[in-house]
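Please go over the structures that come below.
The same subunit A turns up in both complexes below, where it pairs with subunit B and then with subunit C.
Let's look at the complex of A and B:
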């Protein structure tokens, strides 16, 4: 089993502390070559947050991980990607966990939507 | 056998115009019934969307945007009041707390409303939630940078109006 570390510090300007914007997330996805990582079942990924992180917006999460989540599904995504918040300030960790959870929920909603109410009018 | 066929031919020839006319009326009647049925379905869907989804939530949506604006301006002013050593641990903590305060507004009533939209129209949900996420991104990016507060607040007024208009435009699209 191969382990790959993704250092999110590479995906932002040094002065910024927040990860925001879907295009920025998609750009980071290219930097980290997640399309090819997704295809290699033997790779486990550790996503490392830099110490000065204050926010991970759902838009950035979607840009970075939506394709992987869609391709792998919830279980395999959770098995493959682990989020390492060890360097983040203790008091900020909980906020980032909430942000990750928001991002995952958004992926779920987008994938599992079914227009159920509208179907009643058909 | 030949005579019988000839008789039919004769009858058909004489009444051809009448037959065609009757068939045409019948076709028009069927088309009209099908279109009417479709229009009725569309009308009832539109009415349902307006009466059950949009109107009962309109006041809450207005209050959400008003509150969002108030909290954002408060946060901008608070965060921009810190000048020295913006990247120290205390400031990072304050920043994250303020960002989370803004995100909590999105996690509240608007999310419940968007979930309702999601069960009605996935594409509409996607458009509306993108508008909300864009607003959150804009605010957090501006709050994270070191800019001139007056300029940020001035730009926010424009951005806020644009976002609210976009949201309402998408919301009323199915009607």
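Let's look at the complex of A and C:
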């Protein structure tokens, strides 16, 4: 089993502390070559958050992980990607954990109902 | 040792002297008579340049305004501001007033434009922010011209005078249209401002994007705001605000076509309360991008984005069968705020999450209001020919059956019912872009109650 570390510090300017924006997430996806990582079942990924992280927005999360989530499904996604928050400030850890679960929820919601207006007519 | 060649040295000396004379002739240290002649020549050439000077309509910014028919044929340079400069109460007159000033400044390169505020009783920050952005853009053009001039300089700053009403003085100052202000201690007093920041969405790569730095600036600013009320952003608060601001900047980057966006935040507070805890602080955040409206951008990708357009058409038809006071463009703009609606949905089905996150975070933070004192938190969105105003009574709600968040702008909290025409309305004169402004009030007592209530806001407690 191969283990790969993704350092999210590479996906933002050093002066910024928030991860936001779809294009930024998509660009990070390319930097970390997630498309090919998804295809290789033997690779497990550890996603490391840098110490000064203050938030992870759904737009960034979806840009970075939605394709993987859709391709792998919830269980295989959770097996493949582990989020390492050890360096994150203790007081903010819970928030980032919540951001990750919100991001996963958004992936799920998108796959199930696509948009809130269509949901009204179901 | 070599013998010195005195002839050679003499020749070199003569040569150097000739060169020196030539340098002098070509330099400014000409004999007075000649210098005067040169200056006259330069002034004449500068004047010619100034006469033929036009704002560079090739630049995407001015070209867009011109296409939108934003400029008026106007030669006068003196303007009396209307009684009320406010997009909410007096949109048409306010925008036309701004158009006239901008047009006058462009048409009268060598005369000073004067705005007289002596009759103006109310001037809100949002239109003043728009005015300031465009005036600065024109000043940049003048600077570009100045760099080409040899003697003359164009200095065509707008003169702002006659501002008597207190809120007019305050907001002119906060919008940086006047440099200093004299205010008594009654009412709101400006405390701080981020000043006006220009961001861009050039996609050179994640490491070059300015959004993170701008976001950090605004969040630090808000933290300073809270310190004025003896509070400080907790990690949780910083996290929420970070999410809110960065999401809204992402939207500005995503939706603008001209690559630039403008941000300003400021804070003022009233000092008229006897008790420190009753002091109310007012924070304003403005984000503006020029270019096609939200509706136009949605339609642009309509062929590829067929599924979303079909969904929007379906709900639009439901409303238009019930009432005829809205246009499709107004309803589309409202629906664009809903979760999962994006003009780029066809590129990536997971798009359309940002706006709702922003709205929820805003109403979570800004739930303090006192209608009697006009402390009413509000999000205003003006885009193309549609205006949307969201106050606490129309904050986003969660539909447990559908497992989705919505903002419906009606008391029924049902998107399939018509929105209130106080909150969604059509604008006759097209706005040249999208402007989002958010106004939040802070009150120490209210924040203490929130902290004691476990961070829940009043809507949740009720």
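We take it that the second predicted complex is superposed on the first by the 113 of 122 C-alpha atoms of A that agree within 3 Å, B and C clash if a C-alpha of one lies under 4 Å from a C-alpha of the other, contacts with A are read in each partner's own complex, and residues count from 1 in each chain.
What we mean here is this: contacts are C-beta pairs under 8 Å (C-beta built on N, C-alpha and C of every residue); 3 or more make two chains touch, one makes a residue touch a chain.
Please read these numbers as outputs of a predicted model, since none were measured by experiment.
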Greater residue coverage of subunit A in the superposed arrangement, subunit B or subunit C: C
Touched partner set for A:107, first subunit B, second subunit C, both or neither: second
Touched partner set for A:27, first subunit B, second subunit C, both or neither: second
Contacts of A:66 with subunit B and subunit C, given as first, second, both or neither: second
Which superposed partner A:92 touches (first subunit B, second subunit C, both, neither): both
Partner chain(s) touched by A:55 [first = subunit B, second = subunit C, both, neither]: both
On subunit A, the residue positions that both subunit B and subunit C contact, one per complex: 15-18, 20-22, 54-55, 57-59, 89, 91-92, 95-96, 99, 106, 109-110, 113-118, 121-122
Of all residues in subunit B, those that touch subunit A in their complex: 41, 44-45, 48, 87, 89, 92-93, 95-97, 99-100, 103, 107, 115, 118-122, 125-126, 129, 133-134, 136-137, 140-141, 143-146
Parts of subunit A lying in touch with subunit C, wherever the complex brings them together: 11-13, 15-24, 26-28, 31, 54-55, 57-59, 62-63, 66, 89, 91-92, 95-96, 99, 106-107, 109-110, 113-122
Residue ranges of subunit C touching subunit A (in the complex, touch as defined): 203, 205-209, 211-213, 215-216, 219, 234-236, 238-240, 242-243, 245-247, 249-250, 253-254, 307-308, 311-312, 314-315, 335, 338-341, 345, 348-354, 357, 402-406, 415-416
Complex interface listing, subunit A residues touching subunit B: 15-18, 20-22, 52, 54-55, 57-60, 89, 91-92, 95-96, 98-99, 102, 106, 109-110, 113-118, 121-122
